[in-house]
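A single structure is presented below for examination.
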Amino acid sequence: MLENLVRKYWPILAIIAFLAIFPWISPETFFVDFLLLLFMYAIIAGGWNIIGGYTGYPSFGHTAFFGLGAYTTAILVSRFGIPPFITAILGGLVAAGFAFLIGYPTLRLKGPYFAIATLSMGFVLQILFLNLGPITGGGEGISLPLPPWRIEITITIVYYAMFITLLATILTTYLLERSRVGLALRCIRDDELAAETSGVPTTKLKLISFMLSAFFPGVAGGIYAYYSTYIDPFTVFTPAISMFAIIFSMFGGAGTVFGPLIGSAILFTIDEAARYSFTVPGIDLIVFSGIAMAVVIFFPEGLVGLLRERIGVKIP
Amino acid sequence: MRLLAQAIVNGLLIGGVYALMSLGLSLIFGVMNIANAAQAAFAILAAYITYWLFTLYNINPFIGMVISSVLLFLIGTVLYKYVVRRVSELMAFTLLYLMAMFLESVMVFVWTNLYRGIRLPYLSTSISVGGVFIFLDRLVGFTIAITITAIVAFMLKYTYFGKAIRASIQNPIGATLMGVNVEKIRMISFGLGLAISGFAGSVLGIIYPFYPTLAELWIGLMFAIVVFGGIGSLTGTLIAAIVLGIANSLVGTYVSSVWAPLVAFVVLILTLWLRPTGIMGRKV
Amino acid sequence: MRSAITKSIAVVIIVIIIAAGLAAYYFLRPAPGKNVIKVGAALSLTGEYGRTGEWYKLGYEYWVDEVNKKGGLLGKKVELILYDDQSDPTTAANLYEKLITVDKVDLLLGPYSSAIVFAVSSVTEKYRMVMVEGGGNALKIFSRGYRYIFLTLPGLAENITKGLWDWIDSLPEDQKPKTLAIINANDLFPKAIAAGAKLYAKKRGIQIVLHEEYPKGTTDLTPVLTKVKEKNPDILIGGTYFPDAVLVVKTLKQLNWRPKIVFLTVGPAMPEFWETLGEDANGIMGESWWEPSAPWPGVKEFVEGFKAKFGKEPDYHAACAYAAGQVLEAAVRAVGSLDQDKIAEWIRTHTIQTVVGPLKYTEAGYPTLGPLLIQWQNGKRVIIAAGGQVVGEAIYPLPSTWD
């Protein structure tokens, strides 16, 4: 039985194994650092994918969930001394809770209105966190205590945290896709009215989807706060994170299991390379939005879709 | 009492300029049901064009703003015909938001994020009316905004194009049956929408310092105004803009400036939640 | 069978892409220079702090030049690697991480503005690299127990208004101002200024009639200043950077009102302040951490050399930047190596002569000299108070209207 599983899934298992031992074989800590950030973006994109790709409700404010996770960790670790990785999970729950609250009024809206509403969500949180100084540290941000280990060890630990979260995200997406819930979500995406009349409990399912899509970025945010030791509303509630989630997911293939990861892998790598080769920051955003526009216009199915349909390669 | 009057006057004047900016958005939204997320970015582009015409070639900004608006009109029509039209309505928002990012980052790259301002020293004074100060630059901005709005309103009501546009808003199918080339009207409306916002952008460039990422702040305000006022109703947009301008000013004065940016978003969210058609809009 | 092959092709593609990416890094990375000492920094060359950041760049460049003229450090040429952080703390933090791990610089100089220094210092402290900076002096930066960060601004942001208070204390009783309004942006440095100013005012029994914050990056100060005008205070203190300092003056003019004293920060110390505002800047007071007429050794040569190279006199930002270089230079020469721990220890235990004065560090890494009080008078920055003494004649009170 195990042999069959391994035979069927060996390519993926090989990659997972490789990534699992990577920190020990990497020539430079820098590469581990790079991968950890790549995982983080893949998690956020993967989360977005659930509500945007599978359910057809593109959220334009996903940074809100990331930021909530980050602040949960920051406040709990720096003020109450709670162990960081537990706070990350709590961060995910807080984000999911927020999704539940916001989901009720916003998931009723169609098309561009949902987009506008979620867009506002990011900005509103940024302003709130900026102004509620006594709770959130306001514009000065929150400084977390430095981890007690050497920097190389810290990076390795955070790497595994992100890696595990990413595996969880992908696994959840995979299981979701195969389940009845996933099927229902795709029905909602393709034709909500038909889904409703067929008896699909759209409101409940949309809400669950939204909450799931918020949970993982929240956890990622929580881990990030500990890793970076300093967060403020400008860093964690920035529209750029929302944009990257959408772009990476769509480029790779929204509505597919590996799409967000592939999109993140390619685009984030290009971003880092570009940022470090040209000493002028800002080119990365030009390149990305350009690529993203091309994707939306010419191949909205994303890279995975492209590979599937036109070239015949099967990737989940 | 004087403080209240000052706050209201400030809000009213700037509200006029917001109205002009949102008018363009409302037009596009009304005619083709596309939420143009790039509206603010293009408005800033117009501000830059006017700025460079003034700084490099000494062209009077009031002439410059006409030039930049015409340019924006052309860009708009081309953009619609070759880019926007190719995607579905739903994707259009995404596409335009990406375009906004693209435009902003190109502007940052080319012109940097340094604050710019179209400085006209003769406008930096104010007139005092009963102890309330009316800033000259805002008054001029307000006047231009109202004038252009009036021109647009006139055009919509009395010219063929105007009527065709209104017909397309109210009933695209009916309009087509009546012989209106709806596609062409859409193209013109998109260009016109950008041009109008372009005017507003240039005006704002005279009043405030600007930089590319300012667009991100404005777009929220613009959507709030359009949604609150009601999609497709230009009168609604006007009223909403002035109300929001005054509200912003009052919150800034009586509460704190740091809470003022939230006003627009709160209005937006409340409107979407409780009355998505806005004050005067048609059904969403 | 077919699906297994296509799947593996897909997987191989992914692996190749990732490997290629990593390989690209490995080869794009500059090789550690053998005969060069690399000094790295990121500065706000564009964005909100761009105008001020530019002065730091000149200061750093001038220092590198001077050091190389003397034969370099430890017998090697010094090379400056400078990036633009676009006035954004996250970008800056990333750039410093890159400087340390990819460019593998030997020494670090700091960025500009307290918020950016705060963010960046987390990175440099984690990597245990010394960073000498003249750009961020909010107390919070130095309250985390960090051991690797040192300031060359002669004092903290909380004390930035000290010169003003020294001068006010010297006024005859019946002329002293009684009420104060404070406005500031809602981020680190301006908040620190406000906190400090409030303490000074309270000690002197001056009534604070208004303390108002505004959003960072705002381009409209009308509501805030309308409120201030309504309260009609004697003093207005603005915790500002350059763009909002200019905005304050412009808006006051539009409101056709001035309090008796207008004190702003950062902006008034820069020549661009008068260049942008002209006559409107007359009478505006500000802080300066250094002026070209400062009495320290080496200042004259610095001012003249700087002017010869760049065509203009340095302001305090450039001077603090240069001083940061001087501190690093002194430490490296004394210690004889690039060992960061030894350098940190040395800086902490010695008084270092720089163009901004003799810098002696507290445990936390900042000096405790004070700021100067300056005022713009007819196109010149006049020093009104220095080192606790009044040394100049101030225009006081300012006319209450602009006509």
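Letters A, B and C mark the chains in the order given here, with residues in each chain numbered from 1 onward.
We take it that contacts are C-beta pairs under 8 Å (C-beta built on N, C-alpha and C of every residue); 3 or more make two chains touch, one makes a residue touch a chain.
If you're wondering where the values come from, they're calculated on a predicted model, not measured in any experiment.
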Pair sharing more residue contacts (C-beta pairs) when A-C is set against B-C: A-C
Longest centre-to-centre distance from chain B, chain (CA-based): C
Mean-CA-position distance for chain B and chain A (Å): 33
Between chain C and chain B, distance of the C-alpha-averaged centres to the nearest whole Å: 37
Overlap residues in chain C, where contacts from two or more other chains coincide: 86, 186, 215
Shared interface positions of chain A, touching two or more other chains: 127, 130-131, 280, 282
Residues of chain B touching at least two other chains: 108, 258, 261
Sites on chain A touched by chain C in the complex: 8, 11-12, 14-15, 18, 27-31, 33-34, 127, 130-131, 133, 138-141, 143, 146, 151, 154, 228-230, 232, 234-235, 238, 262, 265-266, 269, 272-273, 275-277, 279-282, 307, 312-315
Complex interface listing, chain C residues touching chain B: 46-48, 50-51, 86-87, 186, 212-215, 218-224, 226-227, 230, 243, 247, 250, 253-256, 402
Chain B - residues contacting chain A, complex: 33-35, 37, 83, 86-87, 89-95, 97-99, 101-102, 104-106, 108-109, 216, 220, 223, 227, 258-259, 261-262, 265-266, 268-269, 272-273, 276, 284
Contacting residues of chain C [partner chain A, same complex]: 3-4, 6-12, 14-15, 17-18, 21-22, 24-26, 28, 83-86, 88-91, 93-95, 97-98, 101-102, 115, 118-119, 122, 125-128, 140, 144, 185-188, 191, 215-216
Residues on chain A engaged by chain B in the complex (per definition of touch): 58, 60, 105-106, 109-113, 115-117, 119-120, 123-124, 127-128, 130-131, 239, 243, 246-247, 250, 280, 282-283, 285-286, 288-290, 292-293, 296-297, 300
